[in-house]
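Here come two complexes built around chain A, the first alongside chain B, the second alongside chain C.
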Partner chain A sequence: MASVLSIIHYTFIQQSRNHLYMVVILFGLTMIAASLLFGAVAGDQEIEVILDLGLAVTELFGLIMAIFGAVTLILEEIESKTIYLLLTRPLPRSHYLIGRFFGLLLSIFVSMLFMGVFHLILLFVKGWTLSATFFVSFPFMILKISVITALALFFSLFSTSSVSSIVFTVLFWLLGHFGTELSFLANKSKNAISALGTKAFLFLIPDMSVMNYRDVFTLAGPHWTQQFLWGSSYAFLYCLACLFLALALFSRKEF
Partner chain B sequence: MNSENILELDKTAKIYRRSHLGKTKETRGALDITFSIQKGEVFGLLGLNGAGKTTIIKLVLGLIFPTSGRIQVMGKSPEDPLNKKQIGYLPEVPYFYKFLTAREVLSFYGRISGLPSHALPNRIEDALRIVRMQDHSNRPMREYSKGMLQRIGLAQAILHDPPLMLFDEPVTGLDPMGLKEMRDLLVSLNKNGKTIFFSSHSISEAEKVCHRVGIMVKGRLEKIVSKNEWEGQTGSLEKIFVDTITSKGGISVG
Partner chain C sequence: MPFNQKAFFSSRKTNIYLGLTFLFIFFSRIVSVYSPSSRFPPFHKILMKEYASLDTSLVLMGLRRVGGELSFIQYLQYLSAPQKEINEKGNTKPYPRLLVLSKRTGSLNPYYHYSYLFGAGVLAFTMNRHSEAIDLLAEGIRWDPSFWRYRLYAGAIAFREKKETHKVIELLESAITYPDCPSMIKNILAGIYKKQGRYLRAAEIYIQLLNSRDKNYIIKATQNLHDLEKNHGIILQ
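Up next, the complex of A and B:
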């Protein structure tokens, strides 16, 4: 456990001392601030626009950090050979992988927290009345980011190049939002093999609809808690599967 | 396994396989390697570039896995993570996190090596003192020269006081003073009971510090020479080395 915590700690330091990390946060903050411009032209919907755009920007920048961070997380260490001095220590490969994963997640969450606080300040300045929707959306975003980080980490170990890992992850992210449509297409298909193939593929791609906070806004009362419970269980199992597969690849990887 | 053997390789082979467009290319890294190193010994592995020295070190460290044969480090598999507490490793070029200071690097390696928190500051001080880097330990690693990086590399290798030291080309690229310091350190570590296994191109350095030397040619361990075979005759080990390489056709690297 101590070794996992050490890896989490150093991964967090590594990310936070990376200039690119700071640039992404600053760019995210600028984009959130730019939502004021869109709000200004939205008339009486100003606060709604600032709220929606700010949340979308936070999620988008979290996603960018997750994909690029996870894909380069291990590959960079292999290329720079810094991994040699880690794996020749009494550090099980599983501890290293888990530590890197959670260290990256922590740095992404911290960056999202910065963006969230800044967004909140802007909303209050604009006279926003405190509502649960903002705070509910964050845990859902965290679930999505966790899933995509685990998926990108798996692809980075499965694929031979960082470009293909990024392409696969983005593809899965996009397809994950179209689960219902894919399912509809599979049911409509007259070819049994392609229908079966599509349904099998549906099991592989993450079902992002169960972690979609936008649905929360349309749900009344206590329904969001049920959705969050289902979403977090799904995200936990999906992350676990990705990490398990990543570990299977990593445990026999040669350096 | 002999109880005094700290490291043992038995008919170990490593074939690298690389697949590209359905074709698999095989490259031999090491073939039929059998030798053992006893506790308290300094064993040098000599060979030309591509002879398989680094392959042997990586196999012992568990960074790569043998295609066949058996490796035992203190009676256990090199893949056993806990057993790695017994090993201090210095790579040919130490690769560090440029965003950390030397002290932070050592603290990090110390923690993942299982050193208790209360003992860590003293161990870091000791390691920095031995490699004479106390005055530069709070600077980020990106500002270090090659020689300074090599010193920190040594510091991280001895930090957790392991009984077995593995050094990959420890004297490559060092200036004359650096060479002497490294040699003195190897002798001093050995006097303190450490077993040392290192690879090198430098026959003269191996001649000065080793109890035995293994000569590798094209992935095979062709000869093991004991100190008494070269002692007292300057250039004797070089002659043995050249004769072995020439007789095995190792001049053209395979």
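Up next, the complex of A and C:
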């Protein structure tokens, strides 16, 4: 446990000193501020536009950090051979991988928190009346980012090129939001093989709609606590699947 | 980093990891299928070819709500500049794409009530295109039958078509009591009162409009209040 915590700490420090990390946060803050411009031309819907656009920007920049962070996290260490320093110690590879995963997640959450606080300030300046929507959407966004980080970590070990890992992760993120449409297509399809193939494919891609509360909070449905329970169960299981797969690859990797 | 396929699958530890992966993937899919989480209906219709790539990208990024709002802003921009189309008979039709633009917003976010109410209000009360307004509201009702304000607006539009102004007023009075009522509807109702000579009630609604987030309606309300004060003797406190 102590070794995992040390790696989490080390990863967090490493990420927060990364120039790219800082640039992404700054760019994210700028984009959140830019939502004011969209709000200004939205008439009565000003606050709604600033709220939704700000949340979307926070999530997208969290995604960028997750993808670039996860893809380069282990690949860079392998290429620079600094990984030898860690793996030659009595440190199980699983501890190393879990520590890296949670360290990266922690750094992403902190950056999202920065963006969230800035977003809140902007909303209050524009006369927003405090509502739970903002605060409830955040944990759901974190669930989505956790899933994509686990997936990106797996792809970074699966593929030898960082570009292909990024492409695969982005593709899975996009398909993850297209699950409802894919399911609809599978049901409409008259070709039994393609319908079956699509349904089998749905097993592999993450179902982001389970955790996409930010996009659907105005829809009628169960209370957010119930939705969060299902969403977090899903994220937990999917993250575990990705981490075990990554571990299967990492445990047999020869350096 | 050589990858030895034979060694990879022959390891007991690796096989356990792979087995657990499949188990968790399977359970996660079960959770996903049985989850009662709110979801949008599938995005299956591209209404405007020029926005097809934008709309599809927004759906793929999980930004249908933001997409609806951006599409609504594009609708407002379309409305802010003079637009007309001349058909084969030589008749001009102002703002011909109003309905399809409103429906595009609805295709991205079918639960964007404000957009439906605003779109129907513009079509019916400023363009006199009642059937298109009803068509739009019908689509809103199809997606969210429980949102009864669509029916309220539909009623007001039907009475307007029959020129039964007192019934239109009655329904619009009810509509403006809700916080999601577009400023445009309040402005229309105040305009009807002003036309009928009921200046006091018109002034009350214009005063409400001063709290609008839309600066254009604040300017319009201020001008109307000055007019009521100057020409009709309404004393504003």
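FYI, the second predicted complex is superposed on the first by the 248 of 255 C-alpha atoms of A that agree within 3 Å, B and C clash if a C-alpha of one lies under 4 Å from a C-alpha of the other, contacts with A are read in each partner's own complex, and residues count from 1 in each chain.
Just so it is clear, a residue touches a chain if its C-beta (ideal position, glycine included) is under 8 Å from a C-beta of that chain, and two chains touch if they have at least 3 such contacts.
Since this is a predicted model, take the numbers as computed values, not measurements.
When the two complexes are overlaid on chain A, chain B and chain C sit side by side with no clash. Between chain B and chain C, C contacts the larger number of chain A residues. Contacts of A:Leu36 after superposition on the shared chain: neither chain B nor chain C is touched. Contact with neither chain B nor chain C is seen for A:Leu106 once the two complexes are overlaid on the shared chain. In the superposed model, A:Arg252 makes contact with both chain B and chain C. Of the two partner chains placed around the shared chain by superposition, chain B is the only one that A:Thr88 touches, whereas chain C remains out of contact.
After the two structures are overlaid on chain A, the closest C-alpha atoms of chain B and chain C sit 5 Å apart. In the superposition on chain A, the residues of chain A touched by chain B in one structure and by chain C in the other are 252, 254-255. Here chain C touches chain A in the complex through residues 1-2, 4, 7-8, 11, 13-14, 17-18, 20-29, 31-32, 35-44, 59-66, 69-70, 72-73, 76-77, 111, 114, 118, 144, 146, 182-183, 212-214, 216, going by the rule given at the top. The touching residues of chain A, counted against chain B in their complex, run 2-3, 6-7, 10, 13-14, 17-18, 80-82, 84-93, 252, 254-255. Those residues of chain B that touch chain A in the shared complex are 58, 61-65, 81-85, 87, 89, 91, 93-97, 99-100, 104, 108-109, 111-114, 156. Partner chain C is touched in their complex by these residues of chain A: 38, 41-49, 52-53, 56, 60, 78, 144, 160, 173-181, 183-184, 202-204, 207-222, 226-227, 230-231, 233-234, 237-238, 240-242, 244-245, 247-248, 251-255.
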